[in-house]
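Chains: A, B, C, D, E and F, in written order; residue numbering restarts at 1 for each.
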Amino acid sequence: MDERIMYDRMTWPEAKERIPKAKAVIVSLGSVEEHGYHLPLCTDNVLGSTLAAGIAERTNSLLLPVMPFGQVWSTRDFPGSISLSEETMVRVLTDVALSLRHHGARNIIFHSGHMGNQSAMKAAARRLYDRYDMKNVWYFCYTDYVKLSEGIMEAPLWRGSGMHAAEIETSMMLAAAPEFCHMERAVSDYPEGCEEMNYRCMPWTEFTQTGALGDPTVSTAEKGRVYTEKLIEHMSDIINRLLE
Amino acid sequence: MDERIMYDRMTWPEAKERIPKAKAVIVSLGSVEEHGYHLPLCTDNVLGSTLAAGIAERTNSLLLPVMPFGQVWSTRDFPGSISLSEETMVRVLTDVALSLRHHGARNIIFHSGHMGNQSAMKAAARRLYDRYDMKNVWYFCYTDYVKLSEGIMEAPLWRGSGMHAAEIETSMMLAAAPEFCHMERAVSDYPEGCEEMNYRCMPWTEFTQTGALGDPTVSTAEKGRVYTEKLIEHMSDIINRLLE
Amino acid sequence: MDERIMYDRMTWPEAKERIPKAKAVIVSLGSVEEHGYHLPLCTDNVLGSTLAAGIAERTNSLLLPVMPFGQVWSTRDFPGSISLSEETMVRVLTDVALSLRHHGARNIIFHSGHMGNQSAMKAAARRLYDRYDMKNVWYFCYTDYVKLSEGIMEAPLWRGSGMHAAEIETSMMLAAAPEFCHMERAVSDYPEGCEEMNYRCMPWTEFTQTGALGDPTVSTAEKGRVYTEKLIEHMSDIINRLLE
Amino acid sequence: MDERIMYDRMTWPEAKERIPKAKAVIVSLGSVEEHGYHLPLCTDNVLGSTLAAGIAERTNSLLLPVMPFGQVWSTRDFPGSISLSEETMVRVLTDVALSLRHHGARNIIFHSGHMGNQSAMKAAARRLYDRYDMKNVWYFCYTDYVKLSEGIMEAPLWRGSGMHAAEIETSMMLAAAPEFCHMERAVSDYPEGCEEMNYRCMPWTEFTQTGALGDPTVSTAEKGRVYTEKLIEHMSDIINRLLE
Amino acid sequence: MDERIMYDRMTWPEAKERIPKAKAVIVSLGSVEEHGYHLPLCTDNVLGSTLAAGIAERTNSLLLPVMPFGQVWSTRDFPGSISLSEETMVRVLTDVALSLRHHGARNIIFHSGHMGNQSAMKAAARRLYDRYDMKNVWYFCYTDYVKLSEGIMEAPLWRGSGMHAAEIETSMMLAAAPEFCHMERAVSDYPEGCEEMNYRCMPWTEFTQTGALGDPTVSTAEKGRVYTEKLIEHMSDIINRLLE
Amino acid sequence: MDERIMYDRMTWPEAKERIPKAKAVIVSLGSVEEHGYHLPLCTDNVLGSTLAAGIAERTNSLLLPVMPFGQVWSTRDFPGSISLSEETMVRVLTDVALSLRHHGARNIIFHSGHMGNQSAMKAAARRLYDRYDMKNVWYFCYTDYVKLSEGIMEAPLWRGSGMHAAEIETSMMLAAAPEFCHMERAVSDYPEGCEEMNYRCMPWTEFTQTGALGDPTVSTAEKGRVYTEKLIEHMSDIINRLLE
């Protein structure tokens, strides 16, 4: 990774010069959250940082250090998960974005390695739009991840879209931080009987004992490398096409 | 550093077992904030993490990843500084502490590598005490740093207590992350005429051009090593004496 | 429509007896929002009420009068749209739900005839779960509407899922309230160039002049009748299967 | 009723033209609240809508659909009553008024068919005045109803001003929606011993078993017609005299 | 005045013994607000304290020092007026009342010498009732002042109820604090043309130049003495009759 | 004391003329709080008013009546203490300051006779700076009281800085309001074993039974007179030097 993308490695005189020149500043989000028997609580922080760094490199952007706590309503009852409320997340994002505007950032990108932050990212972007007239706030989170997994991943996604601690995430972790993975503990888990989660709030502890939704056992580092690269490229292309 | 202190490297079954056994879980705070011409914006995150890790090792505690954004009211107008409001900080700390209580933490320690977070740490501890009857929340931030610097540091502290980006912090950074320091740009700065900062809110941009308060030019890695070790030991002793 | 489903037609002694016996009380949501050149601002209120009444009849539930204002962020700049903030919506839903619990309702269903209310419904359900331990709060909004439209509707959905003031809604309105429809003004509109709406907040005034997304010109009352009936049946089936 | 007064029957191009031409837009409030043994929970919504429609017709104003939930602190323990907090009501009114200003409304009238909303209407008007400099917000609620009842109504008002579910309201309901009235269940109720309600908060369940305060048994549709007309005329005259 | 009624003259051991024995603790409110050409800004604090002290003496209650700032929306544009928002007032009252409950107060009486605080007193009492189940919170403010003025005062009340800086208040001030009164500057002022103040928010600066509403020129200390005594007796009687 | 410093003794036409001419308006804070066995709950209000009046006289400033309730978190469990939350205090200060700005005050000084208000004063000053761009808000509270006590006071300060209800405060009270002091009940109290109060929130009831921290028995009115005068002179000098 190119050190020069790291926002927080700059001194303030460097920041003064480089922030207004960057295409965007990326506000990186993750979570401390259960990821099954085999992945660590920091999984989303590792993946979020990896993806965001790749995007920063390809888009001439600066990357902030990851905000390590996220909105993990669904998994909060699993030991270890740290759960911020949506209002807390929105305030963090809003305050950070206002500082970046103050320093002349041209665009602000909220990027999350954790799906549960999506609603807070959008709410913060609306608040910034409504109260501060900021129209240069963007949000990305595993954009088009299902479609991009075709041809790379093998196991079916849980309920068509679930990927938590399953093949996709585990493969990416095997590529990014193999030393944190305990593949010998990985088990496949496709819980059933949870149709009602579409229609009411259901913590996942109500229906899964493993905390993984899908099949991590078929994951490989190679799949992870290819997929991660593809995701980075895909999001970078969108950013390079749409942001000015 | 012992990997086993890292809270977020655990899987959730490990968290289930180890959180209730640890003496405390440390919530580590820092900031993205200007630190003069020669130190990077991440200085407080580096120092905060270093100190907190040392404390965790000596007190049988678990360490959360650093919350990288802090309350930097005084320096917010220097390019690069990211400024969270006190209410935002208090909400983050409160939410995190409630999750830790949910998972059985015996004690919760707020530890900051950034002085500006002290008021938020105390306000959060009071909120947790008042609303949730939590009496096991502690806060530490460079405890007794002036006294501990005697015999190690040489330059006078600015106005008797100032240390921002000066000899103390720079020495600690030279010990912890020398590759981030630009000593050739370090300048001594003892701004005068700011008596009124005791009596009204004054952003530091009103009285310093460098953003450093004191003399970083006499800093050395050796001073930093000795001082860092002393600080860790001092705070660990207090914790081992007072927490059950 | 069976008058006996109407919550607000009861006297309080009737309410005392019937609320605890009903399978659910339906909190009906809509909006006052632009619906193209040809449909009135009350479209979502009409459709929401129609669907909710059908569901109430088939599930032995009681129906509250429609909350006529909703979260219409995207269309708020079109003349006539009335825009409530998400926090306002969440407070209304929370207060109403707490009253219903106070009166012994077994289940509470948030049902919206306006898509933009979905995020508020979910946020309110989470708030009720978190603060009041209420696990009997459900939310429905055109559930599976794309799939159910197959074989009935003809025109493609805008960007795969858009239906605002297009064939589906217009057909339903022709069935429910033909006197409010001005079919002679209906025009087809498939605006392009709005890819960025996936990645940042974009009021629809930025890309459509008509305020309709799709083709309302092929709508018929017959399509509307069939589709409305199918939607009601579908949601009623889910409710009868999942709620106790 | 003239359909043309109905705000929500317009399309947005009609709204664009007609809102700025109307003398005012009326934000109509009511409640879902107990009204004794004989009147339905929707009484205030029926009466509020009737009065507001009459006013709109006589003052060249537009009428929004009734906000059906109100502030019913006093009756909230009677089964069926739906109770919004004052802050919730104020937020609804404020959001609606800001949308109306955005669309060019010349005047905004809060009109309530429920007395309990008066404090929220005034608080919202002050908030709009203070934060948004809006001086064209008005509020009306059974203006001078006691004086206007002289010569029409016969039974004494409870404690000199009470009218809840008594002769006045019941007569108006007999005129507006006789099919909702159960006169055979009407009973006269003048509860005593509640002097302290002037000096502390007292839910009405503490002193009345019927939920009606006065004598509904002498009500007639004819009284209701005359009185309703008089009220509408009185408020319309004020509006035509004071608003520009 | 009997010193023993003064809550704040006690030491804490005295407070421990006497608070639970008192019939009530009186939370005294006033304002810093314009009172015409001839009365000082502290008028409501003087009168509020005088009345509250009289009540405390006659009801075996304890009196807190006056909260000197109030809700003065209507007069806030007159130089000198200090205006607290309703939410601020409600928070002060709520916090004070919770402390009093903590110390064992049997009843809490909000007493105001300023009319504009009435809505905040009631809102606070409701908040205490709703959130803390406190049913022993009472509010008084010139109770029945119009009726009690008959036979004592001579000049008509402005618009039937206005008394601001007019005969009543001025007479009471002449009795309580003649050294603060500038009778040579007193002028009679019955502003007209303000009918709309019943229907929209109107700061008084819109219609009066003097800031007095009525005729203070006919005031006398004797009237003030008699009236003050009557008011105290009236409110004390109610309290002695209703509170236990 | 010169009556002319009293803000609230002015009429509004006097306020109009004099507020803009004064060097500052002093917002005076105190508390109702336990002060040991021998001093009354009003101690901070008496001392705060005395000091603030002295400062007003020496600096050509106006003095508001004391806000008698403060933030007394540490002593709130002692009978009689009235505890406002920090947010409540900040709102009061903010509202008062905005009114003063509205009336043309050149400077606003928050002055507290109670140490516990310091954090609220600073938070309010920041809020005024951030939201309203007010840079003329100052705060003072026993400025340099330890240093000024040298040569006057005899007993050691508790833990180096404690003075609550001890020699300093008691001497000042003996000078200002001897009739409120019960010297026969005064006892010396230097509680030990409370090191942890530096690191976590600890109500004082956890470690002192008297509620006094130090030795009030050696207090004298003469010490109080000299010290009070010195404090007033010291703060007035600062104000005259720094404020324009």
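The criterion applied here is as follows: a residue touches a chain if its C-beta (ideal position, glycine included) is under 8 Å from a C-beta of that chain, and two chains touch if they have at least 3 such contacts.
Remember, predicted model here, so these are calculated numbers, not experimental data.
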item: Rounded Å distance between subunit B and subunit C, as computed from the means of their C-alpha atoms; value: 50
item: Cα-centroid distance, subunit B relative to subunit F, in whole angstrom; value: 31
item: Touch-based graph of the chains, sorted into line, ring, star, complete or other; value: ring
item: Order in which chains appear around the ring, subunit A first, subunit C after it; value: A, C, D, E, F, B
item: Partner subunit A, residues of subunit C touching it in the complex; value: 73, 86, 119, 122-123, 125-126, 129, 135-140, 143, 195-196, 198-201, 238, 242
item: Subunit B residues touching subunit A - in the complex, by the definition given at the top; value: 7-16, 19, 32, 34-42, 45, 64-69, 76-85, 87-88, 91-92, 95-96, 98-100, 102-104, 180, 182, 185, 211
